[in-house]
Amino acid sequence: MAHLAIEGVSKLFGTSFAVRDFSLEVGDGELVCLLGPSGSGKSTLLRMIGGFERPSGGTIRIDAKDVTTLPPERRPTGMVFQSHALWTHMDVFNNIAFGLKLRRLPKAEIRERVESALALVGLADYSRRMTTQLSGGQQQRVALARSLVLEPKILLLDEPFASLDQHLRERLREEVRDIQQRLGITTLFVTHGQDEALALADRIVVMRDGRTEQIAPPSTIYRQPQTAFVAGFIGSMNFVQGRTRNGVCEHPLFPLAIPIEDGPVTLAARPEALTIRPSDRAEAATVHRIVDFGTHKMVDVDLADGTRLKAMVAPDDRIRAGMRVEPRLASFFVFRDNELAHQSMPAAAKAEIEALQRV
Amino acid sequence: MTTGRSSMDLRFDWIGLLFACLLTLFIALPLIVVGTWAFTEVWRYPSVIPQQFGLRFWGQTLARGDVWDALFLSLRLTTTVTILSAVICLPAAYAFARMRFPGRNILFLSFLASHAFPKFGLLVAIAGIFLQFGLISTFWGVVLIQLVGTLMLMIWIPVAAFQNVDRRMEEAARDAGATPLRVFWSITLPQAAPTISAALLLTFVGTFYETEGAWLIGAPEIRTMPVLMISFINNQIVVQYGAVLSVMLWVPSFIALMFARRVIGTGAFARGFGA
Amino acid sequence: AAGTIDLYSGSDANIVDLWNNTIRPAFEKAHPGVALKVTDAGDNNGLRAIADRALAALKTKTDPQADLFEVFDPRLPSGGIDAGLWVKFSAENIEAYDHINPLAFDTPYSLPYRGSQVLLAYDTTKLDPKDAPKRWEQLTAWIKANPGQFIYNRPDKGGSGGNFVRRAIHEANGRDPKKFKIDNFTADFATEALTPAWKILNDLEPALYDKGAYTAGNTQSIQLLAQGVVTMVPVWSDQVLQAISQGVLPETTGLVQLTDLALCGGFSGITVFSNGANKDAALKLAAFMLTKEMQEAIITQIGGFPGISWDHISDDLRKKYADVIPSTIPTFPGGDWEKAIADGWYRNVAPGISRT
Amino acid sequence: MSTETAPAVSSRHPSITRGSSIGLLLVALPVFLLAWLIIFPIFSAVVGTIFVRGPDGAKEVSLASYRFFFTDGYSLGNLWLTLWTTAVCGILLLAIGLPIALYLRFSQGRLAAYVQALAIFPMFVPSIILAYALIRTIGPNGTVDLLLNSVGLPKLRTPYLTPWGPVIGLVWDNLPLTVLMLTAGLSSISNSAVEAARDVGARPFRVFISIILPRMGNSLLVTASFAVLGIFSAFTLPYVLGSASPEMMGPFMQRTFADMNDPLDAMTQAVITFAFCLVFGIFYIRSIACNREAQL
Amino acid sequence: MAHLAIEGVSKLFGTSFAVRDFSLEVGDGELVCLLGPSGSGKSTLLRMIGGFERPSGGTIRIDAKDVTTLPPERRPTGMVFQSHALWTHMDVFNNIAFGLKLRRLPKAEIRERVESALALVGLADYSRRMTTQLSGGQQQRVALARSLVLEPKILLLDEPFASLDQHLRERLREEVRDIQQRLGITTLFVTHGQDEALALADRIVVMRDGRTEQIAPPSTIYRQPQTAFVAGFIGSMNFVQGRTRNGVCEHPLFPLAIPIEDGPVTLAARPEALTIRPSDRAEAATVHRIVDFGTHKMVDVDLADGTRLKAMVAPDDRIRAGMRVEPRLASFFVFRDNELAHQSMPAAAKAEIEALQRV
């Protein structure tokens, strides 16, 4: 339970910045997800907070105390590594107990705490196993237990669920969320999965090339992406290139009113905001493929100019591959130079969403 | 220990400096002394530096034809032994690392015997064997005896190296259509290269400085550099001959070492070793 | 190789140089068609290895690639003599066999052709030549009075130390070299004769360098003297002269011989392999070494003394060297004595160390 | 190689036996050399010390030479000194080599390159030269004394001709192998295992004790065994630098063999040395064998 | 392009079966996904097809030719390994070119084919990089290119996308699908992600403990799981334990008509088939949490007996945590002893779905 303040932190490797002038405040008990493409500096940032890399510039404060130069063992942080990093010469129990032993807790208490940590991650009977006898998922959970048992003030998770199957992943994701909320641990969570970020995070930080693109709660990120990059990165998004002239988009299929200056624009719309209906128009699009996800179907639509769009339809929709269709945008964003220039939703809806976003 | 490169960029590497100083004292001081002796004509207590520097012994050493003959002979011999050793030992090491056959462990471990039994007890018996084959005082006789000495190193270290090669890489290569032989040549060997180079280096140096076998089998025709050195140094009141010879050998060694380090890379120098 | 005598020498560089620069040209001139190859074996262990090899070759009737050792103890390797490894020298196969100094005979399997003596070398800057000990009691008294200033090497690792030990044995047995003969060795006699000597040496030990350290060989002793660590060491005469001339030892090095009974000298004998490919040529070479010409070269070039009696040396040389090389260098028989002394010394003197 | 991973079916597929004959074929040459030039002579040596020629010329079984060795205080003293020297050298080597290896494992840069080069360089110095260099350096009135003297400090007591002389020489000589092998062992410990330990609050020293050392067990053993094999029958350094008596097995054997002209005792000593080396070797064997089983 | 027939294949490791009596036919150009929990034998099966493990029993035929004992290099298969298995001593170009060089193609052709393979996986500029300088995702793509460039008849993919971020994963998934269809390569695909399986596969094989649980096209697997295991494994599924008596379920909230014999049953329903509405009944459930996934919201509902159910609602639904609600099942399955015993959907709907399933 702590307040974390990162101010203007940079990290140079050789001559290239892995993290550049990064600032973020994380409140008590908040869970922040770091999202970004591979190589965007997420791990590096986490490692600087944990004390494993020294920032080339900037300061990191935990509860107002400057920890920028402290070694890892003197920071109140707990880290779960991308590559579990279990100690293979110890069994599960000792892996988890190691940190407690360092704190010279009485034996009985260590045993008790390790056992409850193991129970927490669903490995109650595994304490005497060697770590090499565990499957990848179990190893990851031991690594999690190892960090949690020390009740760190700040928990740092670097893609903890990367090697798990989807089911386990979803289950653990919820467990971590529950534990985190119960213990009120301030948490930073790196992930590759946007679903994970959307499901878990109080706020999401979208990173790109070591910088932040947007910091906002999940529903804001999803519904009001501030840049084209964020729009494309979180969830599925269709992009259509076009030009505006006199406030109207010149795209043959999407002659929308866009009240901004003339110039090139990128229209963006979620698959669920793209509706299609059969059509015989010359400019009509073609259905390329339909994928059934059970809960919905995803329809790939090829426009005349080759752009491929995705539309989400109900699982009982009768659309078929090869059909000629006309897509329409129910709601959309307009980006120019990566910046949000216009959004189709009325301001009222926006306010409503903000009210909804944390239930 | 530091946590790695992380703490290197801001703080000065004090530990490194400490090690560098201590090692300089412990390792380099005797070397410097030898180096100085090589250029010394008179150096008596209590003078800190020699009373008289000079190149007399260099002149005397380098002018001797047998020194150069011995040097080139040694290089030829050592190279032959190292290559032969690699040729016969690497496949064997691969077999020990990757194949199952009866008696594998026992055979593997029996190589220990070549290092555990005192040499003098073996050499005479070996000489007896060689005499029957007319190998005494021949190039190939010396090659053979030195080859035997390299077996353990050249098998044990590469075994560890081969075991560390990811099997999937080999499988991927077979999947791409490579025969087992080709997999060994194109994938396994290069993957194990750092450790194998370390083994080769150790073998080369070890063979180069081997004297007992080289003398017993090689004399009188085959006189290697270290055998010559021994006769220069042993019971020789003038230490400078030996000093000159070793300094002469250091220069190429040092270049080789630096080169190897660059090629092989830090740390990788010794990966494996069964450790 | 055929036509080329393979000679091995484990001696120092000055001896090897003598063979290469003086003896070889002379011999090859005297015996056209025979060549000589001198191979430096480094030390005795090197020779020992070749001797073992030759013995193995004898058993398998192969060419040992060795014909002659410049100096070697034919008792090695064990069983060698019985197996007929060495040529037995006699007047029949060596021309001037009867010229050999009778004192020099050890076994008929080695042909003594040169001798040298052991002296005491000392640092004149620390010990005034006129105070230099001339007698054994003076020497021991000086050693005890100057603790840490004397060292001798292990008796089996070099003759300088070995002959110092033998001098102590002489001292303990009435200074009578004749008392020890090659064939009067018995274990009992050895115990009786050697035990008092060990006592003398043990007595000296606390006053030696580092309260009883022994160097590993002749050279190491000279080096300690050169370093100024000790003031006096026993040395071989030829070796110390060479060391001085090469600048290893300073000009200020003094040499002294005991006058009551000199430190023992030693003769070095050639051995010839009976199974060598060039046995006959090797015997010619051995005989050649006893010629006056070669014997005189030994005196003039390496400061050694001849293997033949001084009577057979030309008069002017004999006169010239009369002072430098006393003709009465005592010797000590080898054979079993050698082993008894070495082993006895290791067991009785060396471990008596109580150094802290 | 799919075939080797399938022990369960090994009896059923003919190609398995083909695989094993290929394996035997590949190791045939070195094994043959070993058997011919090492194992066979060792056997005859051992046999020669047990079946000795009696006084009547007939061969008989006799352990007299062994009995002599183990009842002779002098021989035992030499053995004891050898064990002592080996133990001290082994400990020193690990104590010096381990920090260097740790440093090399966790850092890079010019200084590390320099340290590595220095640590490996003794490989290129033959022991005989080293022996002379050490006499000149740490011997009486050697360089160390010169330097101390020149700044007006008293001389140090030199280890030359004491049991510490060989210890220094042997440590110097064996350092490269130790450092190389330990670095190799350390490279199997991942950075993140170390970082994870620091994360839960372990200081560097504790990381070393609890995380690095347990994982190094094998390589420490291996390194120690390799060093021990080298040190146990070392000859040159103990001979030139060491005290006259007791002496290490290396010079003792040589002396018995060459100077005492007693091949039977010398061989006995060699066999005993061999036996002691084998004991160390067995540690190596065991750890290697465990490793190998784990990997196959 | 080949026909693969696996007949009664088993694999013993020691005494335990990793694969047991497995049979499968894969038609020309078909893409079959192997799905199953960790350790269920998926990799082992793939490795047997590739020739890296020898079956303990059974035969494998490719185009009617028995390949059971052929070594890998003589099989027309290409494998992408779970752990990329790139050759770290070669650069990207040479990794991909290796197989071509073995086939002694002319240099120019090798270059051309490597480049097009690289372009295919979106790494056109990376040919000179060493593989160690690539991120995990890039490595995986190189591994894919390495197999594809040889145009194998049968492509075996062992979790090829495990280390990629969701976007890349989706993109590559589609690309693989496109390439596979274009080249008509018969493909076996192991995955942990059911989404992936649903999106890619012509047919899905669900494995458990080395045996098959069900082999069927995705929509059948999703809508007509034959066992409780499959039902739970594919997609999200709510399970409620109950008993039937006289053809009626005795559960207080779900008094459904189930025309089967009396006995214990497991009711199963997808989140999208679970509707909730506010209620004040005593047995009513409580809303635990709501997670906004953008396209929909997932509501966790706790029943009185502690069972947690998931319901999918529209993103604009106004439900809130803590509300009392009554869940209802729009459609459901009934399992008894892991076997499907009853399905609520009418047979007509079923036929319709089958018609739809491949478009």
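Each chain carries a letter (A, B, C, D and E) given by its place in the written order, and its residues are counted from 1.
To be clear about the criterion, a contact is a pair of C-beta atoms (placed from the backbone, for glycine too) under 8 Å apart; a residue touches a chain by one contact, two chains touch by 3 or more.
From a predicted model like this one, the values you see are computed outputs, not experimental measurements.
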{"item": "Path length in the contact graph (chain C to chain D, fewest steps)", "value": "1"}
{"item": "Comparison of A-D and B-C by number of C-beta pairs in contact, larger one", "value": "B-C"}
{"item": "Mean-CA-position distance for chain E and chain B (Å)", "value": "55"}
{"item": "Separation of mean Cα positions, chain E and chain C [Å, integer]", "value": "91"}
{"item": "For chain B paired with chain C, centre-to-centre distance based on mean C-alpha positions, whole Å", "value": "37"}
{"item": "Sites on chain D at which at least two other chains make contact", "value": "2, 7, 141-142, 195, 198, 254, 257"}
{"item": "Multi-partner residues of chain E (each touching 2 or more other chains)", "value": "51-52, 71-72"}
{"item": "Touching two or more other chains - residues of chain C", "value": "223, 227-229"}
{"item": "In the complex, chain C residues that touch chain B", "value": "1, 6, 8, 11-13, 37, 39-43, 46, 49-50, 52-53, 56-57, 59-60, 62-66, 158, 217-219, 222-223, 226-229, 239, 242-243, 246-248, 250"}
{"item": "Interfacial residue positions of chain A with respect to chain E in the complex", "value": "37-39, 135-137, 162-167, 170, 192-195, 198-199, 218-219, 222-223, 232-236, 270-272, 289-296, 298, 312, 318-321, 356-357, 359"}
{"item": "Chain B partner contacts - residues on chain E that touch it in the complex", "value": "50-52, 71-73, 77-79, 81, 83, 85-90, 98-99, 102-103, 143, 146-147, 150"}
{"item": "Chain A-facing residues of chain D, complex", "value": "190, 192-193, 195-203, 206, 210-211, 214-215"}
{"item": "Complex contact set, residues of chain D against chain B", "value": "1-2, 4, 7, 10, 16, 19-24, 26-27, 29-31, 33-34, 36-42, 44-45, 99-100, 102-109, 111-126, 128-130, 132-134, 136-138, 141-147, 149-150, 172, 175, 177, 179-185, 187-188, 191, 194-195, 198, 204, 207-208, 212, 218-219, 222-223, 229-230, 233, 249-250, 253-254, 257, 266-267, 270-271, 273-274, 277-278, 281, 284-285, 287-289, 291-292, 295-296"}
